[in-house]
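The following pair of complexes shares a single chain, subunit A, combined with subunit B in the former and subunit C in the latter.
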Partner chain A sequence: METEMEELLEILEDLHPEVDFETCERLIDDKILDSFDIVSVIAEINERFDVAITAEKITPENFNSAKALYALIRKLEDGE
Partner chain B sequence: MQNNVLDYLNNIVRVKPDKTAFADVRREMTFSEVYEQSRAVATFLYRKGIEKQPVVVFMRKSPEEITTFFGVIAAGDFYVPIDEEMPSVRIGLILENVKAGMLICDASTYQAAGKLPFHGEIVCYEDICGTDVEEEALRKIYDRAIDTDPIYIVFTSGSTGVPKGVAACHRSVIDYIEQLSEVLEFDEDTVFGSQTPLYFDACLKELYPTLKFGATTWLIPRELFSLPVKLVEFLNEHKVNTICWVVSALTMVSAFDTFRTVTPKYLRNIAFGSEVFPIKQFRRWREALPDARFTNLYGPTEGTGMCCYYKVERELQDGEVIPIGRPFRNTEILLLNERDERAGEGEEGEICIRGTSLTLGYYNDFERTREAFVQNPLNTAYPELIYRTGDIGRFNERGELVFVSRKDYQIKHMGHRIELGEIEANVNMLEPVKIAGCVYDDTRGRILLYYVGELSEKELAEALKDKLPRYMIPNRIVRLEKMPFTANGKIDRVALRAAVGK
Partner chain C sequence: MLFTSYGFIAFTAILILLYYLAPKKCQWMLLLAASYLFYFFAGPEYLLYISATTVTVWLAACAIQARGDKTAAYVRENRETLTREEKKVWKEKGKRAQRRLLVLCLLLNLGILAVVKYAAFAVANVNALFGAAGLERRFSVPDFVLPLGISFYTFQALGYLIDVYRGTVPAEKNLFRLGLFVSFFPQLVQGPISRFGDLGKSLYEEHPFRAETVALGLQRILWGYFKKLVIADRILTAVNAVIREPETHGGAWVLVGMLFYALELYADFTGGIDITIGIGQTLGITVKENFMRPYFSKSIKEYWRRWHISMGTWFTDYIFYPISVSKPMLKLSRWSRAHLGEVVGKRIPVYLSSFAVWAATGIWHGASWNFIVWGLGNWVVIMVSQELEPLYGMFHRRFPKAEGSFWFRAFQVVRTVLLMSCLRMFDCYRDVPLTFRMFGTLFTEFNWNILWDGSLLNLGLSAVDYGVLLAGLAALFAVSMAQRKGSVRKRIAAWPYPARAALWYGLFLAVLLAGAYGIGYDASQFIYNQF
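And now, the complex of A and B:
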């Protein structure tokens, strides 16, 4: 069974097959993810992980890397 | 009678010289600065002998870029905006189409400008905005101007892979601005928050009413459209009360419950268009801003901008599509059926536009102009052009115009008008690709590309980046062993669509 991290990477790679999401830490700062992508990513996360990411969580810090995004999902899953 | 869009500027500079006209996070420019510097740019072009010619403007989205547009018009020329966001192949096609002799850039785009396939002269805004103004020369150019002279060319997606340059004139822009201002009730207290890039006609909604009324336009940094809370904070900080945004920008704010954290305090006038507004998201906006006016707008670039409006005043049913309503004054919508007759009651027909708001057509492309700008089939007495939009509509039982579908493979994605054929044409140009088919998944708003060929999905995505704008890059790329075909040998889009989600 694939892990949640793998599933997240799959969502991201679907959008940008050319980006190495395991290492990139400047997804927002370098404008790799734009608003199109963020809307799609959040919709996918909502569907697959059943967590809702609300506006105040959409910050550069939470979206700059797959790792940070994964941490956010875990936090939301734990009901924080 | 006003016959020049610059009359708006020439008048307002006397009334409100020191008010902020256009601003971004770097700089605010007053009406007198915009006036003076636009005339400096115009004088520079005059001295170069450039009149009644296209001038390419390649600058960052800024008050200075807007000023340059007006400068180009004051020189009797027409502006052709291009942008660093555009892929290089597309810029190449645009430059090839317009064959301009002059390109104006700024310090931030100067290096990139040098790498363009452009053979004319390149100048920097910073170097020409201080040119001593020759009033007499500019006065003569102004006197010579005719309201059917073009003032800009903007490019829209073309199904053959070559974008089409829509040229608009003073007359059509004046007509549009007058009617739009009346419908949306702009005035001198209007503070616009501009979302759209300056290389589309969508920005006309802010630029010219700002001059007409002495209003103010704030250019919103693009990255804020990924950060909804910061976006609303920006609107509040600058007291923005009016926005004309694409639907996807509005839903991005409402879908993430932004209003629980922060509400746009000053917003009272919200216009949207280019896409269907999901009722659920629309209701969130109306709940957050119960006193605001909401207006749905509809119109193609070829009709200068918007040509129909619908003020959302009644309660909308679940699943109801917000109508596109009725035409602006001085514009008629003809709904023509397959026999080119007026569609009967409740019958579907192609939405065709009649009136002054028609643009001049596609620049340097008589053939494609003739296909879309045609003689009004209901008029056999004298020459009269209508524009066939390719959109299918009908009148509902309330007499409101409703959008039904497209005749062809054109779609609306994130507010952008896209020919799926243009995406396919660009994919097919890649050597290892044998055949490609594109479909649109309406329910999830995704462009899906299927192809057969000797390259990976990753390589294909990478190659497309140079050819297509960001918003045209497929959201999902799938390599197939075999392309499904219909009995008469066309790509079987129904089969491809059925594969969606598998």
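And now, the complex of A and C:
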């Protein structure tokens, strides 16, 4: 069965197949993800994980790596 | 008091002197007094507007902070007794109360902006609609005086308020300190639109005199005046000659007007921002950069990340994201995926939110249809290029050497400059049908000989003026290229004294001698002051 992390990586790789999301930790700082990408990722996460990421959560710290984004999803799933 | 007036230069010089003579802890108060004095010179009646925005935003931010603190304290004190569900309910209740305060203050301040800036435009359009429908009824068009810099300081203040609501920055308890953030005079008239988290600390810190920082600031100011007075105000004469007589300036003249305006706007706006950042630096205050060599962008999307950066990030953070990830938008996205398919559903949030952003960007620039059409023109170009990306991908797979090659990059840069210049025609002609008509003449009037038969000398510029412009353009280009390796002024500071002294005195003389003055000449207003 596909884990949540794998599913997240799939969402990201759909947008930028050329990027290694498992290791990249500067997705925002290096402008790999732009604002359109971020919105597409959030809509996709909402669709697949049933988690709503609000505007104030859109920070470089939360979106710089797949790991950080996954941590955010887990936090929101836990209702924090 | 224009940046280019002697009064402003004297005002700033006296302020810098007093700033470093005053006790350090009073420096920010002196800046506040100077900012209000500057605004008083612009128009005493404007003080009411900026004070109202400052006080209402201060009150709302403090109340939002207090409500958040109260909720957090209650949850903390009752950590042991409250269930997880109850904690969640408390937090949501607190957030709802904060949201009410936020919305109230946003509506009030955007309401003020709407009334003074857009009421006349709205009423004129309603009257035109009535006329089109054959109705007799007409409303009188209100005539409000637009307070100087209202679009800039309102957005800056509201950005701070939203940041407090989001918990990004703490509320400023001192009304006068917030007053300085909202009114800081160098950025009051044309930005940048600073964030409290970036500028706040730097404004209130104590700044001892450092000759090196002051010198770097003065050099930046001088470079700003060079761009404004030697380049922008000189080429302005030719731009006006082309634009104000459209009937006799079609075809190749339109291209000349577009490109000259591109140079004028760049030199004018970036020159003004250089002066702003330079004044900040002489006072020890860091104002964030607002440009990153925008004319070297390879796409319109990239251009908007590098031109008027503070406005672009403001619209992205406070309009684009909140709309695109809002619950109704996500619901709409889900519904569209289910009913209209994946392809449409996925695009809905981005398309609708960026439409709202570009309509807002257009109307922020001015209450007229030409700005709205200009904004939406940008939206169309960005969306079309987004949709064409698979095609670009195919091209690059077919010609792998093109990407990254100098000539392909040069092509992308020229394409972006031309596209932006075409869109800016709405800003030049300020009349939508006329803009389309003039654009059409590019393809119907074949008068390309004007480019080399001496006609360009009939635009109010002599051969010497063109020589000065070319030298100025070469200087702009050289500085832009050099900036890629870091601060140009810091590198110049490492030169031997005679070389750097010759350069700065040379630049000073260039501003004095080659600035577009002349008898009866009055330096023109900065273009962005009117927004």
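By our rule, the second predicted complex is superposed on the first by the 80 of 80 C-alpha atoms of A that agree within 3 Å, B and C clash if a C-alpha of one lies under 4 Å from a C-alpha of the other, contacts with A are read in each partner's own complex, and residues count from 1 in each chain.
What we mean here is this: contacts are C-beta pairs under 8 Å (C-beta built on N, C-alpha and C of every residue); 3 or more make two chains touch, one makes a residue touch a chain.
The model shown is predicted, which means the values in this text are computed figures rather than measured ones.
Of the two partner chains placed around the shared chain by superposition, subunit B is the only one that A:His16 touches, whereas subunit C remains out of contact. In the superposition on chain A, A:Asp34 contacts both subunit B and subunit C. In the superposition on chain A, contact is made by A:Ile53 with both subunit B and subunit C. Once the two complexes are overlaid on the shared chain, A:Ile42 sits against subunit B and subunit C alike.
When subunit B and subunit C are set side by side, the one touching more residues of subunit A is B. Comparing the two interfaces of subunit A, the one with subunit B and the one with subunit C have residues 31, 34-36, 38-40, 42-43, 52-56, 58 in common.
Interface residues of subunit A, counted against subunit B in their complex, comprise 14-18, 28, 31, 33-36, 38-40, 42-43, 52-56, 58-60, 63. For subunit B in complex with subunit A, the touching residues are 222-223, 225-229, 248-249, 251-253, 255-258, 260-262, 414, 444, 446, 457-458, 461-462, 465, 470-471, 475-477.
If you check the complex, the residues on subunit C that touch subunit A are 84, 88, 166-168, 301, 305, 316-317, 320-322, 324-327, 330, 333-334, 337, 346, 349-350, 353-354, 386. Those residues of subunit A whose C-beta lies close enough to touch subunit C in the complex are 31, 34-36, 38-40, 42-44, 46-47, 52-56, 58, 79.
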